[in-house]
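Here come two complexes built around chain A, the first alongside chain B, the second alongside chain C.
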Partner chain A sequence: MKRWLTRGVATRGVLLAALALAVALPLLAQAPGPDYGEFNFLGLDRRGAVWIAAQLHLLFAAFVLGVPMFAVVIEAIGMFGGDEKYDKLAKEFTRLLLVAYSATAIWGAILVFFLSTLYPRFWAYLTAIFAPSMWVYAGLFFLESFTLYLYYYGWDAWKKGAAKKAHWCLGIMLNVWGTIVMFIANGWLTYMMSPPEGLTADTAPQTVQLWSAINNATWMPINIHRLLANVVFGGAIVGAYAAYRFLTSKTDEERAHYDWMGYTGNLIAIGALIVLPFAGYWLGREIYEFSQQMGITMMGGFMSWLWIIQAFLIGILFLAGNYYLWIGMGRIPGAERFQPYIKWMLLVLVLGVIVWATPNTMIADRDEIAAMGGIRHPFLQVLGVMSAKNTAVNLMILTTFLSFLMYRRANKDPVVPWARAGTMLQGAAFALCAVIVVFYGVYGYFVTAIVRIGFSVYQVLAVLATILFVIGIDMAMLRGAKSRGEIRWGRMPDRSQYALLILAVTFTWLMGLMGFARSGIRQHWHVYEVIRDTSEQAFTPALGPAATIISICVLIFFALVGLIFWLGGLAERSVYQEAEAKVKAGQEGRAALGDPMPAPSLGDVD
Partner chain B sequence: MKRYLSHPFWQGAIVIVVSYVAFEWVIGYVLPVIGVASAPVPSSVILQYMLTVLVGIVLYMSADEARWKSFKKPIHETMVARDRKTLRGILMVALPVLIGWLAYQNVRPSYAAPATLRSVHPAPPNQLTFRGETIELTGLENPLHEEGSIEEHLAVGKRIYVRNCVPCHGDLLDGQGHYAPAFNPVPADFTSSGNLPQLTESYVFWRIVKGGPGLPREGTPWDSAMPAWETILEQDEIWATILYLYDQTGFTPRTWEEEGEGGHE
Partner chain C sequence: MTNLKILFTVVATLAVFTFVANVIPQVQSAVPREIVLSADMPPEELAAIGEEIYAGAGGCTACHGLGTRAPDLLGVVGGVCATRVPGQSCKDYLWESLVNPMAYIVEGFDPIMIDQSILSSQAELWTLVAFLESQGGEITVNADDFAAALAADDAAAAAPPPPVVTDPSQVDAVALITAQGCLACHALGGEGGMVAPPFEELRGQDPAVVLEGIVDPMATINEEYSAFAGTMPTIFGDLMSPVELDVLVNFFVGGAGAGAEAPGDAPEVPPDSAGGSR
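And then the complex of A and B:
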């Protein structure tokens, strides 16, 4: 019944989206009516309506594109490593996709309806350029949906041998379709930011080459940035799901399972987060190179305060991610030896957040400004520039990696003869990396801006090289390592799970805020310096109203995700409850017979 | 004393007090005494720093089960123990009064202008018009680098600056001219490393040419008193003034990137 219900919701969502596209697209080819009519929906103006629909569509889309990427990797680990628990985990990840997929389609349909009815002329302009890609998009959407159904519902049927490999290939195809779908949609939105050279308001849209419109200056940087961000987001939402299930668990087995799932989700999210800033940096460079005005609006002008908020939110991510690892060390025998280092790592993180979030120009009243002699603080201004911030964030990444390394090694004693030398080499690599990062951070104050920009690349490369080098040594060193005891999965305090929930909420909020920065730097243009927004909402909203809309989106998203979690747990819970009842009955029966055998594990329940 | 120093709760309390003293008093008042340029830190930044420290303390205390229990113990005892009745009563009164006082301080009517959130580097347009002539800003260089004698340009720049800019930006170029105290925002401080070295000469040119009236629509209200100097000065005079500013402060202007490079800051 539950499966039927889930399948029904998903199918209805896809059909609704397809219907929306089928109805909306031909309508849009008709002669446009008046540009903008009256619109007020629950107090929302036309921009607010499109904004919320687009943001929610994007959040669900990021989830359904991110999860298959690591689900297929985890399935491969289970398949090639022969450990069935990974296979079950991959399936559980995929189950969350079904309802989320229909939610993506529904919000996509709402977005199309809003765009086509509230901005008809602009939508007609876009379809005149992108119509062929929209039809390909719709086709791929069908392929993606049915591949997902085959992938999920065929999981148990194709479990062995060649059939299992074919099933895994379905997972890969699911990722391929999803990635192409995202790349196509990215082409539309990046065209609005960075249209090809030479276009003017008078250029007939039919004369714009489709490929040149898609392959614009910011298309590929956005593609890469979103690919990575989807993995981060998917991992975080899966972690939140596991936290929710952990907190509502009734049995130790269930708690152990969802503790492990939460750990895996967090590992995926934080692991991908570490490389995400590099993709973001590339995107920023391309935006700046495309238009100095856009670049300065984003980094130094109107949007610059968003970066301080971003610094805070990413600070929360680093703190919560590390906290989860530290608290998790409480369930690992042997982790006590690393406890004394935690306060020093925390100190680096707290100082890092303080430096990163120190504004270059401060919020101050008139007396404070007079005392400072301006809006920059004479002493703290050294922390307000990129040299200090790049140094702080690189040291925070390095510290997070150190936390992970300690967690990984907590219950292991290496047995290779070079273990001591290996550990010293790892320590030396960390120290050298920190010296390089700090050196370029300090040296950055004594060179021109153009040289200083290059330094951030050296800092990043030093951190990446250290991570690869140290993890390489660690993998070799821990081969055949002696165990100090198994991880006691499930023995985590509840507060650790709230860290996972905070991570998911923070990621979601961050996506909304930085998405506003990316989109808002177009200012009063639909297509930057080509098609002007002439509606009454053409102004760029101030940060306060923007943050309000984004927070509403986050609330709606989590309300819907909560529903999905509940739906996702319904069928499973009944199975767990049945199994629990069987276990109880078995225990009572054995007790009556005086049988000392342990109870069967619920871990096999799926 | 030793008992308190080794207890997690009091350790946390000490870190909070030490951090507050460092942010409020050491940065604001001790550093200037020992010759380091500093000033009192705005309350918004103090709040930001203290929140970060507080979160750090809570995370550290709760990262280990035994430490967390020990940290909570004095709080729990104060809430329920019979022998803490007096302390509990005092806190029950003092805490609401403190919160009420803070709330009052934040909402009471005041004649002071509210704290502002400003961006100091408004986004420039890609092109501007100077008395009807269109000038592309992207890639624009100071033409005086390639023309005439640099000494002569600097002399012109000095004359223009002293006649027109000193009243607001000051004879030390530090934004502390005679009129400065009357303005909010205060005039730009050219000696700050956050201004001239972060900007291309074309950006400074745009700011002088268009002044306050030419600032973008986004990020308003700017409230800038800077005049649009295109109505008073010639282009070469503005370029010469820019040369003078960089020469006097010793800063190097930001340069345009070579083809194929990117970057932002």
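And then the complex of A and C:
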């Protein structure tokens, strides 16, 4: 049953989508039918249907692209480091992929059906340009599926020596296929955002060069941004899975395993999150360079308040991520010496979030304006500008890094003779960095905007340099360090696991919000300034209605992910029960024969 | 019980996010439509058209709403406009802000706005005034204001177009720069704005690149001024004749304001590089 689920559905989904494409392409390109199909289901219109299908397809796709990345890395750590614990973790990640893969394909097929029936004219236009890449996409999906099956089902068969290395190479190939598949799909959607120069509504789609359509202005920035975001997302979902399994665990052994798994997923998610804004900055810059109007719509037009919501969400991510680390220190012997610092770090984070989420101007009525003495609040106006926000976010990143460092050092006492000097050097680096960040933040109020923009680069560079410098010293200093005791994996209060769940929900919702921003800046265009959306849903909704759709998508996603988690547990339990029965039968058989050989334990079975 | 707690955590988190996104100011991006103006339009309709121009063709959101280039006007300007200049009504203040933006600069902002009558008709400007008044105040633009504006627009449309300048010697580059409002952002001889490169920096540059910078300002963005990218209108290729553009480019590359060569002696601008935009 499980194998039918995991092997069959993904392949069938691709086949259905390919069939839809094959049927739709020649018919739609020629038929003079309507531009848009009718759809009304429980108040959901055609745009809502496509939106939900696309968002869910993307969320599952991000999951099946993100998780293999660190499954492969963790398998390598286990393989080269000789620690089987990592190998088992990597396999458990991969087990989650199988059903998620099916879900990705099913939502992809639904999306294709919706597009071809609700937006037939536009879909025909896209297929006329991208058909060859769509066939390659379907072919790669097959390759990816079968590579995944080989990777998972060959795990135990190819466990030693050269066979293990070959198995690991399968994992790498899985990532390669997945990345190419994503790059191809990104070509289609970025074409809609930033089509090549010189196209008009009258340009026949057959005359558009395929490569120029794919290799458009925003294609590579989106590729890189999504690649990183998938790692963040994959880490967060694995963290949520671990939290779910931790909370439903029956034994200390299980709790210890899922506690460790949750920590690893969270570490990867937060680590990749710190790099993500740089990719986002590049994407934003390319959008501005492609079209100033599009960039302005994104940052300063009707979407300007979206960035306040984004600040609120990222504030939650920082707070929940740090909270998880701080609670985690409770299970590390020696961590109590760092406890007094936590309240100060919390203060910095809370103040940072408040500053970051402060709007530059307040929406106020006449009386409030009169009371404030102008359109800006007499005090808050100082916090609503970029100087304050850049300073706040850089100090938040620095504080998060400090949390991680304390967590890392909690149970270790360095033994190198320069340990004291090294720690002082690290402290000095933190202090200097904070001074640089605050100095440029304050100085920014006294210079022109042009100079002020340049200051943010100095602030970011100071933080990154400090992170690299401090971690370098730490690695050297903790070589051969004396342990104060092992981490007591599994000794975590339940609230820490709810923090992981909130992190996963927030990451997912943030992806939906940023997807709305990316897609919404096209406004009333299917292909920006080339193919106009003439349907009654051509307007771009305000944040409130958009947030409702995003929440519906996230709720459906987590309901399905919950099912996947449950299936994962079910599969594991059935394997476990089967093994238990075998062990029991073996013991009885040996007892009957008087065999003195030790009985196999359940630990030998995965 | 654990499963219920997990479900509650997920649903409660989503509910908080949805709630926050619904209580912030809601702005929907409407599909632009062809604007038809008439003198008998009620004030609310004028304001609705003004809003479309504000968010669309007027390009106002290029600066207003960002928080750093120009004041955010939505929801507030109608409440403060009558208090800016003693003795000046809200309507008059807003009108002056559009057609003579240098008359009053809000504290904390740079003088970067250009005369909007270059970009829009008088009737369109009055719809903008009506919209801005509606942002925290009452609309006082009336049928008389609007009828007079429409009449002025009709008269302007009926008037013969200004003669196309064909003789470069008839073009005064400095007067042209002043008339087009370039000094709102660029400086010449130390006078003018600071949000775009001073014209002296263009000396010795490739004329084709300078011309492109005038007719298509986003073609190449000066890194130093990237924070203000998008501020410069894209209409100068239409506002100036080929000869005027030619003289202007040669004035810049020859060393604006610092011993510039006579326009006629300057290198030729590629003839087709400006033609595409007109």
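By our rule, the second predicted complex is superposed on the first by the 527 of 606 C-alpha atoms of A that agree within 3 Å, B and C clash if a C-alpha of one lies under 4 Å from a C-alpha of the other, contacts with A are read in each partner's own complex, and residues count from 1 in each chain.
Basically, a contact is a pair of C-beta atoms (placed from the backbone, for glycine too) under 8 Å apart; a residue touches a chain by one contact, two chains touch by 3 or more.
Computed from a prediction, not measured in an experiment: that's the story for all the values here.
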Overlay done on chain A, so just call it for chain B and chain C: clash or fit. clash
Pick one for A:Q523: touches chain B only (first), chain C only (second), both, or neither. both
Between chain B and chain C, whom does A:A547 touch in the aligned arrangement: first, second, both, or neither? second
With both complexes superposed on chain A, which partner does A:I309 reach: first (chain B), second (chain C), both or neither? second
Where does A:F539 make contact in the superposed view: on chain B (first), on chain C (second), on both, or on neither? both
Which of chain B and chain C A:Y288 touches, first, second, both or neither: both
Just to be sure I read the superposition right, which of the two partners does A:W509 touch: chain B = first, chain C = second, or both, or neither? second
Under the stated touch criterion, which partner chain does A:L189 make contact with: chain B (first), chain C (second), both, or neither? neither
After lining up the shared chain so the two structures overlap, which partner does A:I471 touch, if you call chain B first and chain C second: first, second, both or neither? neither
First (chain B), second (chain C), both or neither touched by A:A371: first
Common interface residues of chain A with chain B and chain C? 288-289, 291-293, 295-297, 299-302, 304-305, 312, 360-366, 369, 374-375, 384-386, 448-450, 452-453, 523-524, 539-540, 543
In the complex, the residues of chain A that touch chain C are 244, 247-248, 288-289, 291-293, 295-297, 299-302, 304-305, 308-309, 312-313, 360-366, 369, 374-375, 384-386, 448-450, 452-453, 498, 501-502, 505-506, 509, 520, 523-524, 533, 538-544, 546-548, 550-551, 554-555, 558, 562
For chain A, which residues count as touching chain B in their complex? 284-289, 291-302, 304-305, 312, 315, 319, 323, 326-327, 330, 339, 342-343, 346-347, 349-350, 353-354, 357-381, 384-386, 445, 448-450, 452-454, 493, 495, 523-524, 529, 539-540, 543
Chain B residues touching chain A in their complex are 27, 31, 36-45, 48-49, 52-53, 55-56, 59-60, 62-65, 112-126, 137-138, 174-176, 181, 184-186, 188-189, 192-194, 197-198, 216-219, 252, 254-255, 257, 261-265
Chain C contacts chain A in the complex at 2-3, 5-6, 9-11, 13-15, 17-18, 20-22, 24-32, 55, 59, 61-63, 65-69, 71-72, 74-77, 79-80, 110, 136-137, 194-195, 218, 221, 224-230
